[in-house]
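Multiple structures are listed underneath, in structure tokens.
Each of the two complexes below includes subunit A, the first together with subunit B, the second together with subunit C.
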Partner chain A sequence: MKAVKTQPLWRRTLQSNIGYLAVVFFLVIFPHLVGWMTGDSPFGVNGRPRGQSVFWQSVFIEVFILTILAMSYNLIFGFTGVISFGHALFFGLGGYIMGLALERSGLGAEAALLLGAVIGVVVCGVLGFLMGLVSLRLRGVYFAIFTLAIAEMVAIYIGRWPVTNAEDGFPLANMPELINPTRNRLTYYYLALLLVIITFLFIRRLMNSPTGKVLLAIRENENRAQAIGYNTLTYKLLAIALAGMIAAGAGMLHVILNRKVGPEILSVTYTVDPLLMTIIGGVGTFSGPIIGAAGLHLSERIFNREFVIGTTSVNIGENWSLILGIIFVVVVLVFPQGIVGTWTRWRSRRGTARAPAPTVRAANAGD
Partner chain B sequence: MTRTRNTYLLIVGLTAALLVFSFLTSAGDLGSFGTTVLSGLFLGALYFLVASGLSIVFGLMDILNFAQGAYFMIGAYVTFALFHSNMFQGIDANLRFPLGVIVATGVGALFGVILERVLLRPLYARPVFQLVLTFGVAIVFGEALKAIWGTEAYSWNPNTSFGIHQSQFEIFGRQFGTYRLVVIAVGALLIVLIGLLLQRTRIGIIIRAGVEDSEMVSALGINVRAVFTMVFTLGCAVAAFGGAIAAPFLGANLGMGNAFLLPGIAVVVLGGLGSYTGTAIGSFLVGLAVAVVAKFSAEFLNQTVWSSMTPMLLLILILLLRPSGLFGKESR
Partner chain C sequence: MIETILEARRLRKQFGGLVAVDDVSLKVARGSVHSIIGPNGAGKTTFFNLLTGLYKPTNGQVFYKGQDITHAPLYRRAHLGIGRSFQITNIFPNLTVLENVRLAAQAMSNINFRLWRRAESYTDFTHRALEVLELVGLRDMAALPANILPHGGKRKLELAILLAPDPEVLLLDEPTAGMASEQVPELMATIASIRQRGGKTIVLVEHNMNVVMSASDVITVMNLGKLLAEGTPAEISANKTVQSVYLGELYNVEG
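Our next item is the complex of A and B:
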């Protein structure tokens, strides 16, 4: 650190983030790159959302959404050490509130979008706060059960709620033209990318702040953090509420992309996915959730077809969840620190690391 | 001592409240009241089969096995498949069903040994990862069942079934399946058998001591790890057995796992950590509550959503009001 102190700040920042910047640069030019390679314009073919570029944009928007969701889960599971099995609740509620605001509020598209975003984030923040209050009495596995029960209950109730057409859900037609993912998908792509970057920077800034250090202390040993004099409940409340708000944002992006709100966004899938992505990518690391989300979603897309091995054809896409589950179990057993954690350890063990990446130990502290 | 007495008063009070509520809302129709109570006991017996393993494993090994529901599901699928497979149609239906149940229980035990020995054993130093792992294993089992048998919900046709399943008996003018009574009886029998195992055998004494302090038990020269494996296997086998005997009534579908896991957890939390008596009593309380709410909401509210929400609602209430459960230790 001391050696580079003579260099100006912008240069140091640039140097230490060169990998992230390269990824962002790639993602910015990606739609145009695909368009150039396949000849399909990134704005669609013949004024309609067709072609390879537009298709891959939607795949990557889904990756961005899952990345945001996984980063929010990592904030509570990876950094604060609180296990929640109810993350789908925030994701789904965010989506539902946005959907209701757009379709049922009777406002113009822009105003409804703003209203939905504000109400959704506030509601999920408050809900996260209330659920966090319970963590005062319930720790570890009890909190996990509690969140699972709440999420399941809400999912069952909304799945039969006549106001939102029960299990059918409702389509979204009213949305601002500028970010309409059907007609202006490229704009939506950049919006989602921007939100990923903002979330990433926000979480990194938070974790590098004194507040973030207390969160890490809670993960390592909550009793000790309390004994030092921190009111750990306040910090846990902050982490859970923030994670809920970010997850709500991911849910909103999801329903606008799919132009449909249905109870499947509250299902346990959206708890399992961020859990798998965080753990496979690297729990308690900054880049782990990104790598996990991108790796899992892209490989699902790539393997979602039939493979012919000899005389038998295997449809991996159909059994993708099974394979994912097995990968997950293997990762938990063999590489509990995930891709990023294992990679960092391997590099530092070989002694070739220039500077250790800003990763931290995986959450292995108990309740 | 007063706490124990209060606990029993609470149990009696809750049971009485549920029964009185059910009786009043059935408007003097004794048949309706009787079938509600019997369905409650039926559900309670099944909940017990899921929850007993959860509870003992949780008490002894500090693992909440989220895959327990998947074992229940495996039991149901295996029994269903064996009973309806063309290969075994030569065997008489009355013999085919018990054989199917035995095989299903064996399969559950086998997967239980594998899960504990291969997957959980390396993780005793990292409890959070054990929890996450059983969650992952539940997904793997569910997806494997889906890959083998598809997403179809299978239902068991009583007309081609075994003898007891076809017969009905009458209670105050209402029909009730005799087979469901058998399930209640089997549940009660297992409560007694597992209770005897825990109270009267050497292994039971080790298990109970391990629930108190497993480090101390291993310090006394007892191979606690072997006991862990045995208890875990037994818990999985009992859950698979529960799924197997539930199959003639519930069929086999992919939602069963979660539909029984959460009530099972509710029972464990209601009964109190590691308390066998609590689990046994809690099962029937939760079963009764679900049946009463189901009946009430179907008749008066014209919707079924409340009955599927009851276990979660109970779980949330217990966690908020009395996280130590009925028989749990006061401080944790």
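Our next item is the complex of A and C:
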């Protein structure tokens, strides 16, 4: 039985994560790669954020932010099976709290950043918990509608709140020089990438823990999970609070990147986007939200311009929502497991997947 | 005096104007196999769900070891040692067979909020799960996703999930429902072996008469939401009222 463990742990870990490591490696060298290919420095030109490399860095930072948001959404939707339409609330509030901390706290940039991060994450965690507490006894679509109502209510209220300049919002100027995305975009790029990696590892760790297994059980069959002795409400609250905290982090990255806080970050877009990204990428998979976020955002950036075909020019950007809608309908109808889920299925049908095997191998190996 | 482990006291459940269970009292003796039978619509499944906590009674109380558990939610009852199975197969379809049972074994532990260790590193639960799978005869299928099991296999898995936390009282809701008749003896043999190991109390809701007659110590007959008769299998077979209401021509009583 012991013979299974022929390779040291670090080697097995390395081997099973080789795909992720390759992606991380590519993303680390990517700004320099673009800089080398186009001749534009990845650090900008004359201290100004100009050039192809800097442009693509910002596109990828947006991808990273949406990835974190989609991963947090996947935690409740994909792994716990709770459908929420109020995710933008956490994203937006995280952004607002960070903005207020930077601009209104009167603290220095570094202290304000830290304060905003801590308060934003805590507030969104508590809010997720409270929202779940009053509403999670509702199931399925009723819970979803409730969360949508709360999120919209907050969005409308903040859109009229004089303290934050109502619908105009306010700009951010006070931020630590090191991560200032205008002057030091490359540092900000690496910061966002680091946070994606941390979020990914955290969620994977969580889902492999005893607690994560209970979340899966709730997704699969909540009644049964209760019948075997789990107080499922507690676990759902935990999942929503954690997802709220992670989404708040994404919102903070977003406002600092855009150097502006406004009610648009509370809009339903930031609920629908992660939802679409999760579904298209693969609900309840680890890499699905990443692929969904990258795929949707990059394709939007690439196609968001006029294409000249013969004498006619087509502005795909204007019709992007239409195209996205069609893609979404096709995915839901033809590949309900999304890109990653469909790929895994296809591989397991060819008999190459080892998905269920490790549990038994681990069991046989003993300790 | 026989010790009562589970007791229903004047339970009543009303759905709107329909009285599904009307003043039913019942005492289940520790270590016995107690069956509840009755024709369709007799209210036996509703009564069962009042015992398990899925429904809250309109009136009446449920006691477990002398403790009032009328308002204890499903998961709390599980922690007290009352396990239930479901009539409609109720498993975790996209998890492996092993994971289905492992989760049930883990439920009573204190590791459910350990976020930082791998679930597999708690090998006790995996071993317990494999042990139970061995008992129900699913050991070889441990690595398969639960939803690809045949129906009989799912019923066995259902039983394994129920047994994994080692409950004192097993509430079985028509365990043979939808099973091919040749699979029934196998399942009953498993139930009999659980019984022989001792210590377990089994409450069985059934409509399969053969199962009930051979396996039970006590049978309670319900009809139209009311308790009609209670007694040993022999007494129930001989009871004229029961024969007319339930057994009728469906079951030819020979002795």
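In the analysis below, the second predicted complex is superposed on the first by the 343 of 367 C-alpha atoms of A that agree within 3 Å, B and C clash if a C-alpha of one lies under 4 Å from a C-alpha of the other, contacts with A are read in each partner's own complex, and residues count from 1 in each chain.
Quick note on the criterion: a contact is a pair of C-beta atoms (placed from the backbone, for glycine too) under 8 Å apart; a residue touches a chain by one contact, two chains touch by 3 or more.
Not measured: the values here are computed from a predicted model.
When the shared chain is aligned, subunit B comes close enough to touch A:Tyr157, but subunit C does not. Of the two partner chains placed by the overlay, only subunit B lies in contact with A:Tyr142; subunit C stays clear of it.
In the superposition on chain A, A:Asn223 makes contact with subunit C only, while subunit B stays out of contact range.
In the superposition on chain A, no contact is made by A:Leu9 with either subunit B or subunit C.
With both structures placed on the common chain, the touch criterion links A:Thr211 to subunit C but leaves subunit B unconnected.
Counting residues of subunit A touched by each partner, subunit B versus subunit C, the larger count belongs to B. Counting contacts by the rule stated earlier, residues 363, 366-367 of subunit A appear in both its interface with subunit B and its interface with subunit C. Contact residues on subunit A toward subunit C in their complex (touch as defined above): 205-206, 208-214, 216-217, 220-221, 223-232, 238, 356-360, 362-363, 366-367. Contacts from subunit A toward subunit B in the complex involve residues 81, 83, 85, 134, 137-138, 140-142, 144-146, 148-150, 152-153, 156-157, 160, 268, 272, 275-276, 279, 318-319, 321-322, 324-326, 328-329, 332-333, 336, 363-367. Residues of subunit B that touch subunit A in their complex: 64, 119, 122-123, 125-129, 131-133, 135-137, 139-140, 143-144, 146-147, 258, 262, 265-266, 269, 303-305, 308-309, 312-313, 315-316, 319-320, 323.
Within the complex, the subunit C residues that touch subunit A are 52, 73-76, 78-79, 83-84, 86, 90-96, 98-99, 102-104, 106-109, 111-123, 126-127, 130, 142-145, 161, 164-165.
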